[in-house]
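Take a look at these structures.
Paired with subunit B in one complex and with subunit C in the other, subunit A is shared by the two complexes that follow.
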Partner chain A sequence: MNLAEGVQIVSFGILAAAVLISALGVVLLKNVVYSAFLLGGSFISMAGLYFLLNADFVAAAQVLVYVGAINVLILFAIMLVNKQEEYAVVKGAGVRQVATGLVCLGLFALLGTMVVSTPWAISSATPAGDSSIVTIGIHFFTDFLLPFELVSVLLLIALVGAIVLARREFVPENLSASGEDEALMLPERQREMVSSRDDN
Partner chain B sequence: MQLQYFLLIAAALFCIGVFGLVTSRNAVRVLMSIELMLNAVNLNLMAFSNYVDPKEIKGQVFTTFIIAIAAAEAAVGLAIVLAIYRNRDTVDMEQFNLLKW
Partner chain C sequence: MFVLTGYEYLLGFLLVCGFVPVLALTASKLVRPSRRGPVRRTTYESGMEPVGGAWIQFNIRYYMFALVFVVFDVETVFLYPWAVAFSQLGLLAFVEALIFITILVIGLVYAWRKGALEWS
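Up next is the complex of A and B:
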């Protein structure tokens, strides 16, 4: 990255503030739709941080996969399950939140002291920079070949699993006689019918 | 620019994710908190990859794997939330006690 030191520090400050503030918004805001959009902002700021770390390929993958796929998926899920409901009051919810906050602050203090006090073995070699995508490709097809293929199988399994979990298991009772209604209804077979047909 | 700054940001993000994971009532928000925690881990790996291992950049390879696994996790998790919502007609975490006791 051929940026001056001052530019790097200023952009790091802006991006870090954006990441943390939008992450706090994701957790603390009441409306879950705002949370989903702020999550997208957090992901994009995170991609900016990756650019500061000389990783252009992973930054592009972050924007494509996280913002383009996961965030859109979350928004669709919110639209599908967005029922305005008043949550029943749980006894001791305030105590629980305060205790969780204390635990998280303690965890942060612990991690912070560890980060500051550890002497990191910082390498002085010049970063891969623009050739990072070449290096990543070489890793994928030599020493990380087995995990690379396993990830493709895992994605296939997740795809099939998500479809099996999310689809409806009943045929609507009120199928009308007219054809266009049926086309819009997308009826699905019951499990028993599928299994009995497999038995034959 | 130092390694420690990035690690502190990642630690803060991870703690925010843990807080959201424990305190959220909405199941979709719980999944969003998990994504935040995965992102914190990614930032850690990327920072180490840039400052400790700048030639081999194995951290970036790991980050790519984690992004792929996060995509699979989000798809399956949201499908589970949809299935539970269809059965129970709510997304309140306090009422998901199917596997409790």
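Up next is the complex of A and C:
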């Protein structure tokens, strides 16, 4: 059984609208936490669009990596620096917003004309569909074996680097000497610096 | 052209899932008493009294859990095609996947030894 043509069109419309509305919310909302959650909604709608394009593995990877990992990291980063502060109103904010809007509109027009004018090589072959993941798996373990194994090394490097950075074993000397602005200092950093000095 | 099979069930599930929060909120709106007061607006914390605001700065230590999670999340993406195509790949692919996992287990051991997994 398959999805009917009309169902596909309706789903595409809903997903495209969801992508656009949540992306606009990311940009326009003042609260950064709402923006982060709406970014997750935008990513999930993108995954739905990938499903409609027969790319189920890409959609699953999109949900796992972008929604599960990247968006969680963004939320964590917001939680770590989440200080309620009163910002002074910038002078001439309206002019700045209009200028930014014009630049963005120009960029959008440029990309739009590029998309329309490019002669896309659309293949008429039947998509692989359900067997695409098996094909990807076979490629991983035959002709793309070395990159596949190198990915694990890359992930290992990322993990070790993240731990080293988060533990702050290498705090620059000038950072501890100069009285850094208290608002910029995380409470954790002070304690870690003391402990790392004891280790040395 | 849509060639994937079985997605009409996903669509059905999505529709049902969309109705769950609507029904839950509507039902509670119909049933609950309409008293007003300061206690009504407090956060439900499983019976505990909520202390302080939720908009506080969190400890950077939690970021490490997120980073370790991201690494193993990406690992899942790479192991997923292997698991799906397992029956067609044979013993060599199994050994290769074991090497892949072993390299990442080294990272896990490193994180463990450095105390990155301790919740304190």
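Quick note on the criterion: the second predicted complex is superposed on the first by the 152 of 200 C-alpha atoms of A that agree within 3 Å, B and C clash if a C-alpha of one lies under 4 Å from a C-alpha of the other, contacts with A are read in each partner's own complex, and residues count from 1 in each chain.
FYI, a contact is a pair of C-beta atoms (placed from the backbone, for glycine too) under 8 Å apart; a residue touches a chain by one contact, two chains touch by 3 or more.
Quantities reported herein were computed from a predicted structural model and do not represent experimental measurements.
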Review point. With subunit A superposed, do subunit B and subunit C clash or fit?
Key: fit
Practice item. For A:141, select first, second, both or neither according to whether it touches subunit B, subunit C, the two together, or no partner. Key: second
Practice item. Could you look at A:60 and tell me whether it touches subunit B, subunit C, both or neither (first, second, both, neither)? Key: second
Exercise for review: Identify the partner contact of A:11: answer first if only subunit B is touched, second if only subunit C is, both if each is, neither if none is.
Suggested key: second
Review point. Where does A:153 make contact in the superposed view: on subunit B (first), on subunit C (second), on both, or on neither?
Key: second
Exercise for review: Check whether A:69 is in contact with subunit B, with subunit C, with both or with neither, and answer first, second, both or neither.
Suggested key: both
Check your understanding: Of the partners subunit B and subunit C, which touch A:39 in the superposed model: first, second, both, neither?
Key -> first
Review point. For A:81, is the partner it touches subunit B (first), subunit C (second), both, or none of the two (neither)?
Key: both
Practice item. Using the superposition on chain A described above, determine whether A:95 touches subunit B (first), subunit C (second), both, or neither. Key: neither
Review point. If you count the residues of subunit A that each partner touches, which comes out higher, subunit B or subunit C?
Key: B
Revision key, fill the gap. Shortest Cα gap between subunit B and subunit C in the overlay, whole Å, is 5
Check your understanding: For subunit A, which residues lie in the overlap of the subunit B contacts and the subunit C contacts?
Key -> 8, 52, 54, 57, 61, 65, 69-70, 73, 77, 80-81, 83, 126-127, 135-136, 140, 151, 155, 158-159, 162-163, 166
Revision key, fill the gap. Note: in the complex, subunit C contacts subunit A through residues 1-8, 11, 55-64, 66-71, 73-78, 80-86, 88-89, 92-93, 96-97, 99-101, 103-104, 106-108, 110-111, 114, 116
Review point. Touching subunit B in the complex: which residues of subunit A?
Key: 5, 8-9, 12, 16, 19-20, 23-24, 26-27, 32, 35-36, 39, 42-43, 46, 49-50, 52-55, 57-58, 61-62, 65-66, 69-70, 73-74, 77-78, 80-81, 83, 85, 87-88, 90, 96-97, 100-101, 103-105, 107-108, 111-112, 115-116, 120-123, 125-128, 132, 135-136, 139-140, 144, 147, 151, 154-155, 157-159, 161-163, 165-166, 168
**Study point:** Contact set on subunit A toward subunit C in their complex
**Key:** 1-3, 7-8, 11, 51-52, 54, 56-57, 60-61, 64-65, 68-70, 72-73, 76-77, 79-84, 126-127, 129-130, 133-138, 140-141, 145, 148-149, 151-153, 155-156, 158-160, 162-163, 166-167, 186-189
Point to revise | Interface residues, subunit B side, partner subunit A - complex | key: 1, 3-9, 11-20, 22-29, 31-33, 35-36, 39, 42-43, 46-47, 49-58, 60-61, 63-65, 67-76, 78-83, 85-86, 89-92, 94-95
